[in-house]
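Here come two complexes built around subunit A, the first alongside subunit B, the second alongside subunit C.
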Partner chain A sequence: MAAPLLEVENLRTEFARGESTIHAVDGLSYSLEPGEAVAIVGESGSGKSVSVRSLLRLIPRHGRITSGSARFDGKDLLAMKEPELRHIRGNQIAFVFQDAMTAMNPTLTLEKQLTEHIIWHELAGKSEARQRAIDAMTSVGLDQPEVRLKQYPFQLSGGMRQRAMIASALVSRPKLLIADEPTTALDVTLQRQILDILKERKRDGMSIILITHDLGVARYFCDRVIVMYAGRAVERGPMRDLLESPGHPYTTGLLESTLEIGAGKDRLQPIPGNPPNMATLPPGCPFAPRCPLAEERCRVEPQSLIPIGPDRDVACWKVSEGATLHASGRS
Partner chain B sequence: MLLDVRNLTKTFDLPGGATMTAVRNASFTLERGQTLALVGESGSGKSTLARLVLRLHEATAGEVIFDGIDVLSADTREMRQLRSRMQIVFQDPFSSLLPHYSALDNVAEPLRLFKRGNKEQRRERARSLLEGVGVNRNMVERYPYEFSGGQQQRIAIARALALEPELLVCDEPTSSLDVSIQAQILNLLQDLQGQLHLAMLFISHNLAVVEHLATHVAVMYRGSIVEMAPTDRIFNAAQHAYTKRLLAAVLPARGNAIPVMPPEEDDVPHGTAAPDTTFAADDDVPLEEIFPGHFVAGENVAKATGVPY
Partner chain C sequence: MAVAATSPGEIQEVEKAQSQMARAVRRFRRNKLAVASLIFIMLLVLAAIFAPLIAPYGIEDTDYAAARVGTGSPGHLLGTDTIGRDIFSRLIFSLRTALIIAIGAETIAMALAIVVGLTAGYLGGRTDQFLMAITDILFVFPSYLLIIILVTVFGRSEVTIFVAIGISSWVGTARLVRAEVLRLRVREFVEAGRAMGAGGVTISMRYILPNAVGPLLVSLSFGIPGAIIAEAGLALLGLGVQPPTPSWGSMIQEGTQWVLVSPHMLLWPTGLFAITMLAFTWMGDGLRDAFDPQE
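Presenting the complex of A and B:
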């Protein structure tokens, strides 16, 4: 198998908040092959956005990456000097954010937003950059690209702005696209169109990290999934496999909270309680206070990711005990 | 019948003299205990329609009859009384709550405005309302920012229910919430509706939520209701091409294969209401009842049945 495009190991990002320290990302590891898409799924505050922003060191000033490595094409993004990283950002690794209105510069025309970075990266001269911008806009389904290049973000509808931002990310032909809730603000029909555009690029070999809270979107788009809770990966595995037979009680809870068409009008079984306060996490499993299976051990001792099958691992005492039982039963 | 909306239309003036019809000729009825979901893409007019019913926007034409009262011609005093009987829960709970009022004072405020009871009675009622939506008694003196999004939405729901309304409008009440919290709020709304026999107008772009909660669904497209039916008819026997497209765009997390989404029939841009000049005059097609309670925009009956998807 080819070397992975990205190899993240034991990533930790902290934020100082008053006296306490928030462990926003607490030891995250994963790898990504060329042309592969991985979903990072979790609720607000689970650390999914911070984890990908940390890769490009795009975190707020009071944040600090305290350990870990992120090898992209063999080079550690976290150890690299800033000028070197600047050559990768917006070039080989591109970002798509949830809200195009705030991510784009309201005072610049689309032409500037779509070409500035590739001209800076010396990927193209001015007129070639313009042509590439036009091609990228066409590929994301924006009509009249020549006209639109002269427009400002406010002159576009929300859906068009989102497409323009994706075009701007694709115009440098990145090897890795990080998309942070790229379709959350959009209507379902438009969401589907945008995911299809990204799927096409994936087929051409682009790798994608998709941050989402929507398991349906993750399933449609990604090969593998990482479920995050309170800054940690609580479960990892191939998409289908994980959705069909979730291991971690949190993953199960997420699936049971997710409404599906055809599910009928039965009462939902939500996860009780609220997402955790990151400043006062319990000593054991962070999900223990909301977990229906939790027992004493879960509350005091954290469990790390334990393999439960091919390419699957889960951070749960109850599951790993069960897995051990199975294993000993079989032998 | 609690609510009878007839041919409601709202036209906005655009700069330069153009007009934009945000809602055209919308008609529907709603009984107590029923939930009508308004679905459609952003800019389709679903929020505007709900606001016209509450008279938060003034309609350009049409009628809203609430419990026999003509809402659109009600004077200020009558309108004030009507407001206590119809309430709304917004998408963003934080911006809809008064930030400098505690949770308790937020919920007690409508009672104060309508002079219900004395101060102590109002606070007691607010306390029990908050308890009813799952906010702990020992937290009610806190301010909105001290609560999570889900808790804020519970407070907003408690406030909406304070005056015991008969009609509750929910405008994307769970869209800004995490999935686990969304499920809690949906259960809460379902319970409250059962207990209080509320009529609900529920705006959502999440079709799975709609199927779960609504008794009836109206699909809006560019300002018009293009299809309206009992919920199971919409999900099992949709007729209008746009409804089918909407249903096919949903991405399930589990179970069946993902449907293929039919292509668009035209290229009017998404996400914005377009000026009237973008429409042909025959866009304004009347609804036909093709099955008891199942209405489809006339021209599209033929169109829809002619298309294989």
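Presenting the complex of A and C:
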């Protein structure tokens, strides 16, 4: 296969909170081929959102990217000068946010929000930009695009706003689309429609990174999954393999608490306990306090990602020791 | 693959939605006192613009035969002053002076406040500390004293007066703008703007400032009467605009000297001045309530 479109290596992002430092992303690595869709899955606060914002250096001021590289099309996004990076944002890499209600500028018309950035990036002149905006709106299923262009975000319903935001990301025809929980704020029927739009983009050859907490959503069109916990990848692998035989107990927990996939059972099995306090992580595996299989070793010694198969890595002592994980009734 | 089009249910939702501005206008209109004040202020502005058409006499037309005649005298509706100038006419023309000074001063104050507030709030860090140190120093310095010093040094023309008022009254608004920037810059749509490739200037001018219009409008509606009061105060001290240009302050000041013999000379300018100030205050209150996000 050709060179990867995006190659993230050992990404670390920290936040200063008073005296302590929060390692929001703690040594994350992955790569993405052209036309591939990767899901980054995890609970709130697992660092999945920060990890993709770090790629474009869009993190809050008290945050700092302390190490790592992110080679996009051969150039390191993290080492790049700000103007050069600005030229990539909204151009070759586009972002879709969770809630279009808050992620669209309430004082600009859709025409401005859908065309301004491609005019900045000199991808099109004004009239061509307008045409591209209309095309993008049509492709995401927004009717009457000419009328909508004159409207403000508050004149659209939630579903239409989300479509408009995706359209705005698509106008520049990016190579990589980063969608941060694009369906979380929507009801189920709309979710499906939005996912269809993304799936269709992928079919057209766009690479997608999907951030979600819902493996059911990720399964819909992603080829590979990265499961994040406490700022680290705890498991990586192809979607199908990972769903069929989850390696890390956390992945198993996520699967058992996912609606669609766990539907064969009478009830969902939530993961006990709460996501960890990022300021006081245990010395060993960060999942150990909630893990049904945790042993003494898990609590004191962290395990890094270990290959367990082709394109599969898991960060778990129990797995790398060859222990059977699925004695707990999954078949 | 065809993507399902928007459903009818989505469209219904749209009609209920309203922009922040439309909501503010609707709330403002419910406040009768504020609306009446706004109408009164608009009438004053019209009177100032069309002063030569409304005023029966010029500002320097003297009628010695009718000096200090009282209210309701033939030919002089509101009476005349010591040298027989028509008080009604001079009041109309003094609206112009007040308006020029208020608009000039507030333009300067707003421009300074926006530049300083946006820069400090957006850039943050050292720049913020430096700019806020300057505004804090100016904030504790009595602004009225600063105006007097500036006018004394640079003269009493309308321009120097409004420049002096402007550069001594931007501090509070600058802090307001900065606070708005700090509130807005962490909002998701600002981040989304950056994710689309917008630079600092674009973010400030197109994403942050337009969303801070409400508080700025309120600040402006209190700033304008503030500037008018400042000018009147200068005139009372004999530092107002150069005679014979009429101003409320100088007319009031003159009236005080004759209050026992010809009270109308004090009554009319003071009365109109007081009502105008009240109108601005009521309108400002209305605006503040209209833009109040708490409601």
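As a convention for this text, the second predicted complex is superposed on the first by the 313 of 331 C-alpha atoms of A that agree within 3 Å, B and C clash if a C-alpha of one lies under 4 Å from a C-alpha of the other, contacts with A are read in each partner's own complex, and residues count from 1 in each chain.
Here is the rule we go by: a contact is a pair of C-beta atoms (placed from the backbone, for glycine too) under 8 Å apart; a residue touches a chain by one contact, two chains touch by 3 or more.
Being a predicted model, the structure only gives us computed values, none of them experimental.
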item	value
Partner chain(s) touched by A:E7 [first = subunit B, second = subunit C, both, neither]	neither
Partner chain in contact with A:R86 - subunit B first, subunit C second, else both or neither	second
Partner chain in contact with A:D143 - subunit B first, subunit C second, else both or neither	both
Which of subunit B and subunit C A:I197 touches, first, second, both or neither	second
Touching partner for A:R219 - first (subunit B), second (subunit C), both, neither	first
Touching partner for A:L56 - first (subunit B), second (subunit C), both, neither	second
Which superposed partner A:S157 touches (first subunit B, second subunit C, both, neither)	both
Partner chain(s) touched by A:N274 [first = subunit B, second = subunit C, both, neither]	first
Common ground on subunit A, meaning residues reached by subunit C in one complex and by subunit B in the other	143, 157-160
Contacting residues of subunit A [partner subunit C, same complex]	56, 58, 60-61, 83, 86-91, 94-95, 97, 99, 102-108, 116-117, 120-121, 139-143, 152, 154-160, 163, 165, 168, 193, 196-197, 200, 203
Interfacial residue positions of subunit A with respect to subunit B in the complex	43-44, 143, 157-160, 186-192, 195, 213-220, 243-244, 253-265, 267-271, 274-275
Residues on subunit C engaged by subunit A in the complex (per definition of touch)	1-7, 9-11, 13-14, 17-20, 124, 186-189, 191-199, 202, 206-207, 210-211
In the complex, subunit B residues that touch subunit A	41-43, 148-151, 178-184, 186-187, 190, 205-209, 211-213, 235, 245-247, 249-255, 258, 261, 264, 267, 269-272
